[in-house]
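Please go over the structures that come below.
Consider the two complexes below, in which chain A is the common component and chain B and chain C are the respective partners.
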Partner chain A sequence: MALTDTIHTQAPPTLKAIIGGLIAVAAIAVPFLLDGFQVFQATQVLVLAIAIMGLNLLTGFSGQFSLGHGAFFAAGAYVTAFFLTDGSFPYVGAVLIGGVVCFILGLAFGFPALKLDGIYLALATFSLAVAMPQILKLSILTEWTGGVGGLVLMKPEAPQGIPLDADQWLYFVVLAFAAVLYCLVTGLISGRTGRAFLAVKDNPLAAEAMGIRVTNVKVLAFGYSAMITGVAGGLSALVTAYVAPDSFTLFLSVNILVGLVVGGVGFIPGAIIGAIFVHFMPTAADSVYQGLQGVIYGIVLIAIMLLAPKGIGGLFRR
Partner chain B sequence: MEFFFSQVLSGIASGTIYACLALAVVMIYQAIHHLNFAQGELAVFSTYLAWQMLEAGLPYWIVLLLVVLLSFGLGWFLQMVVMRPFQNAPMLSNIVVFIALFTIFNSLTGFIWGHDIKTFPSPFGFGPLVENLGISRHQAAMMAISAIILTILWAFFRFTRIGLAMRGAVSNPVSSGLVGVNVMAITALGWGMASAIGAVSGLLVAPVVFLEPNMMLSILIYAFAGAVVGGLTSPGGAVLGGFIVGIVESLVSTYVPVIGAELKLPIALTLIIVVLLFQPAGLFGRRDIQRV
Partner chain C sequence: MHSAKRIESSPLLSVKDVCVAFGGLNALRDISFDLHRGEILGLIGPNGAGKTTLFNCLSRLYSPKSGEIRLLGENLLAFRRDQIAGRGIGRTFQNIACFGSMTVRQNILTGCHSHMRSSSLAQALRLPSALAEERRFREEIEEVIEWLDLRKDAERLVDDLPFGTRKRVEFARALAMRPKIILLDEPAAGLNHEEVMALGDLIRRTRDERGITVLLVEHHMSLVMSVSDRVVVLNFGEKIAEGAPAQIQKDPEVIRAYLGGHAA
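Our next item is the complex of A and B:
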C-alpha cells in the first residue's frame, strides 16, 4: 500500500507571485497588529510550521515516515539551549549548531530506518517519541541536559537601535529562518535532489534503474528533514527561553505529524495551515466543551481525513 | 544466583502484562495489517467500564463477560462506522485516524471517570502461588489466561472457516472477496476480537499498575516491543516476545547501573530497533515476499 498519494499541480506563476506577496506582507504586519501574547503565539506557530516542513520533506518527498520527529525537535532545542545557558554565545549560531547536530542524528537514524518500511518504521519512530523524555532524563546525560529540571536560557533582545520588544524581535528572527528554510526546501525539491527524492518515493525500483542511489537519497532525506526540524527545535528553545524533558513528549511528535497531514502531505505551504490547526485546535475544542477537548479534537481530525484526504492544502490544489 | 533468578521471575511477571496486550496488537495486525495506536486506550476504556460495573455491585465474572462482549461490540462498531471509509486510504491517513481515536478515548475516559488513580480488584488475590517463589496468584492467573486465549486463537485461526477467511482477507482482500468472503465483516470481527482481548488484558493489568487514564501508554510500547520481538504475524511469538521484553527490562534495570528503575522505556526502544535491524520479521514471524 502506498504511504501517501503524490500530488502534482502547478499554480500559474502570476497567481503564485500574488499569493506569495500577500502572505509576505501579512507575515511582516503580524507583530504590529497583535499584542504581546498573540505575537508569542504567532511565533510558536511559525516554529511548528518549520518543524512540519521538515517532516514534509521526509514524508511528502522521499516517502519515508516518522512518528518521532519530536525527538529531533528536542535534540535541536537542547543543543541550542546548551550553548546559550551562559548567554555569551550568539543565538543564531547556537540554532545553526542545533541544526547541524540534528542533521548528523538524522543520518544516524536514517541508516537503520532504511531497512524498515511502512508499519515497522512507524513503530520504531513511535517508540522513539515515547522514549524521548526519559532519554533526556537519563542520569548520564544530566550534566548536559539538566535532568528533570531542564535548562534555562537567556531570551535574546532586539539589537540596539531597533524599536522592537523581545517578542516582536524573536518573531522576525523566526520568520527569517522560516523564509530562508522555505526557499532552501523549495529549491531543493525543484532541483535534481528533489526529483531523486520523488522518484525514490514513487517507485524505488525504477529510480534505482535510472541510476539513483536509493540508499543515499533516503538517508540524506532523513538528514535534511531532521536538520530542519532541529532548527525549529532550537528556535522553540529561544522563544520559550526554557527546555525541559516533558515539553518533548509523544504529543509533540503527534502534533508535527497531524499538522503535516492536515496541511497536506507534499504541499510545502501547507505547513503553516497545519501549524495553525495543531496550535489553536486544542484551545478551540476546549472552548466548545470544557473537558472533552481530546474528543472534539479527534472527531475534527477524523472529519478532515474524511472530507479532505489530501489535507486542507490539497483542497486548493485540485 | 538466587537474586538473578528472582529478577528473572519478576521480569516474567511484568512480561505477562506485556504479553497480554501484545497479543491484542498482533490480533489486530492479523485482521487489518495496521498497528492500532489506540489499542491501549480502548483497553483502558473497557477497564473503566468494568470498574463502573464492579462499583455497581455486579460479580466479577459477570462483569468480565459483559465487558468482553461490550468491547467486542465497540471494536466492531469502530471498524464499521469509523474505519470503513479509510479501508483504501493511504497508510498515513489510517495512522492519523488511529491518533484521533487515541485522543478521543483518552479524553473520554478522563472526562467520565476523572484522572485520579483507582484500585482495581483481582479475583485471584495477591498471595504467593507457592511459598518462596516470587510469583503471586494474580500473576499466575495472568499467565494461565494468556495461555488460554492463545490456545483459543491458535485453534480459531487453524481450524475454523472464519479463521481461514480472516487469514485470507488479510493476505489478499480482493481474491477473498471474489471467493465469497465478506471482507468487511471479517475485518470488523478482527477489530472486535482485538478489543475484547485488549479488554481482558486491561482487566488483568489494572490490579497490578492501578487504574488511571494513561495506564496503558507505556505498557503499549512494551507490548509493541514484544510483538516486534516475536514477530507481528505470530500470536505465540508475541506472547513469548512479551516475556522476553519483561525479562530483558528487569535484568537491564538491575544490572546496568546507568538506567534507573524509573527510566526503562529506552530499553523497549532499543529492543525494537535492534530486533528490527537484525531480524526484521521478528523471531517467529513470517517474512512477506512480494512478487514484483
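Our next item is the complex of A and C:
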C-alpha cells in the first residue's frame, strides 16, 4: 500500500503562499538565466511533469495503475501534430483538441479497465503502450500519422512585439499550461470528486454506501488522467516540432511511472521533482561512470525507494 | 396510545417475506418485520443466523430471491447500491470501513457525497457555486465532529488513529449522510466493557437527540437488550421471535437457539 499512500498538504497557508510565490518567480526567471538548449530541456521537463501529474490523478487518487500512459501521450502528440502540419491552425487549439481526444480515449479505456484490478490493469495498460508505436506505423493510417516517418510541424514563434526567441516562448506556453492544469487538478482533488476518487481507492464498498457510483468515478478518473497526459503529449509535439512512432515506446510509459513514484504518488507538486529526475538522471549517471549508467540509475532509484518510500515529494511532507 | 397506533400504520422500513438463497442453501426464509420511525430495533441471532445477509440486502449488496423491502413505501430493491445513501439509509461496517488515506474531516465530508451536487468540472474550475457548496457542507459537519468529540483529531489521517476513534469517525460519517435510518453492523465488536457502555449511550442519543431510527445488528446481548425498543431474533435464516427485550429474554425458542438445539 505504500505506493498508493496519499500525501496530504499540511503546510500553513502563509508558508504555502511564500513557497508558491518563490516557485513562480523562479519558473519565470528560468528562460532568461539559461541558454537556448537548457531552456529547451526545462520545457521538456515541464512537459513530462504534466504527463506525470495526469498519471498521479489516476494512480495516486483513484488507485488505478497504468503502465501505458505513454500511449495517451502519443495520441495527444499525434492529434496536435495532425492539426499543425500546414501551419494555419492555432497551436493552443490543437493541443486542447489533443486533450479532448485523449479524454474520450481515456473514458473508452476506463470502461474495460473496470473489470481489472491492480496488477491486471497494469498489464492491460502495458499492452496498450506496447501496441501504440505499431498502431502509429500502420499503413492504413499513414495518411494521418505519416507512418514510420512521422509528422513534422511548424514550431510556434513568439507573437510580434514580444522579444522572446522560439524556445523561450514555448517555455512560457508550456509553463502556462502547467500552471492552469495544476490549478484545475488541485481544485478537482480538494472537493467532492477528489474525495470520491480517494474513497474508491481506499474502500470501494464503503464508497458505494456513501452514494458514490464507483464505476463512474473510476472511468472519469481515467478520462481526466488521459486528458492531462494527452495535453502533455500535444505540448511535446510543439516543443520538438516533430512526432514519430518510436518516440512513444514503452520506455516513455515507464518513465512517466518512475517520475510519479520518485516525485511521490498522490502528491501533485511531486510531478516536477519526478520529471527532473527522469529527465536528468540518465545523463547524470552516464557522467559518473560511462558504461554502467544503467546500474547507477538503478541503484539511485532503489536508494530513493529505501530512503523516501513516499517519494522525494513525500520528504517535504511529514 | 393513539399516537403509537398511528406510527404502527406506516412503518419507515418494511421487510416482507424476504428469501435469500446461495446456491441450494437458504440463507433467509420469509423474513418479515417493520421498523418504525424513532425506534431502535435490535436484530440478533447466533452465528450464521442470517443477520449479515439481511443487512446486506438492505444495503443492496445482495438481492433477495423473493420478497420486498420498502422504505416509506418506496421499493428499495429497485435502487442500485450507491443510490441507497440518497434514500436516507446510512450505515457502518462490521470491520470499520473508513477511508484510511483521508483525514477525519475528509472522511466525514465524504458522507455528504450524495447531498452535494457540484460537478467535477465545476470543482476543477473552482466555480463560486462549487466553492460555496463545499463551504456549506464543511460547516454542516462541524456539528457532527463536535457531537462525536472528534475536534482534536479532525485533521489527522484515519490510519493513524486508534480503533475506538476510527469507530467514532465511521459513525460520524454515517451521521453526515443525514440518514432517516442508520444501520449498525455489530458496532460493539472489538470494544471493551466501558466502550460498549458508551456505545449504548451514543445509540440512544442518536435516536433521542437526532431523531434517527436505528437498526442494530449485534452479538453483544446486554447491549441489544439495554438499548432496543424491540428485538427481532433470527436462527438458521428464519425469524423465531419478535418483541420487547424483556419478552425475548424469556422466550423458550430464543433460549433454545442460544443454548443449542437439544436443550429444554
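Just so we're on the same page, the second predicted complex is superposed on the first by the 313 of 318 C-alpha atoms of A that agree within 3 Å, B and C clash if a C-alpha of one lies under 4 Å from a C-alpha of the other, contacts with A are read in each partner's own complex, and residues count from 1 in each chain.
Here is the rule we go by: contacts are C-beta pairs under 8 Å (C-beta built on N, C-alpha and C of every residue); 3 or more make two chains touch, one makes a residue touch a chain.
Just so we're clear, the structure is a prediction, and the values are computed from it rather than from any experiment.
> Thinking of the overlay built on chain A, is A:30 touched by chain B (first), by chain C (second), by both, or by neither?
The answer is neither, since A:30 touches no partner chain.
> Once chain A of both complexes is superposed, is A:45 in touch with chain B (first), chain C (second), both, or neither?
neither
> Figure out whether A:175 sits in contact with chain B (first) or chain C (second), or with both, or with neither.
Neither: A:175 stays clear of chain B and chain C.
> Go through the superposed model and pick first if A:115 touches only chain B, second if only chain C, both, or neither.
After superposition on chain A, A:115 lies in contact with chain B alone.
> Have a look and say if chain B or chain C is in touch with more residues of chain A.
More residues of chain A are touched by B.
> Tell me which partner A:151 touches in the superposition: chain B (first), chain C (second), both or neither.
neither
> In the superposed arrangement, does A:184 touch chain B (first), chain C (second), both or neither?
Second partner only, chain C.
> Of the partners chain B and chain C, which touch A:205 in the superposed model: first, second, both, neither?
In the superposition, A:205 touches chain B and chain C alike.
> Could you tell me which stretches of chain A are touched by chain B in one complex and by chain C in the other?
Correct list for chain A: 4-5, 205.
> Touching chain C in the complex: which residues of chain A?
Listed in rising order, the residues of chain A that touch chain C are 4-6, 8, 10, 183-185, 187-188, 190-196, 198-199, 201-203, 205-214, 220, 224, 266.
> What residues of chain A sit close enough to touch chain B in their complex?
Per the stated touch rule, the residues are 1-5, 59, 65, 67, 112, 115-116, 118-120, 122-124, 126-128, 130-131, 134-135, 137-140, 205, 250, 254, 257-258, 261, 265, 291-295, 297-299, 301-302, 305-306, 309.
> Write out the stretch or stretches of chain C touching chain A in their complex.
Chain C reaches chain A through residues 59, 61, 80-86, 91, 93, 97-103, 106, 109-111, 113-114, 116, 118-120, 123-126, 130, 133-134, 155, 157, 173, 177.
> Under the stated contact criterion, what part of chain B meets chain A in this complex?
Going by the criterion above, the answer is residues 29, 33-35, 37, 82, 85-86, 89-93, 95-97, 99-104, 106-108, 110-111, 217-218, 221, 224-225, 228, 232, 258-260, 262-266, 268-269, 272-273, 276-277, 280, 292.
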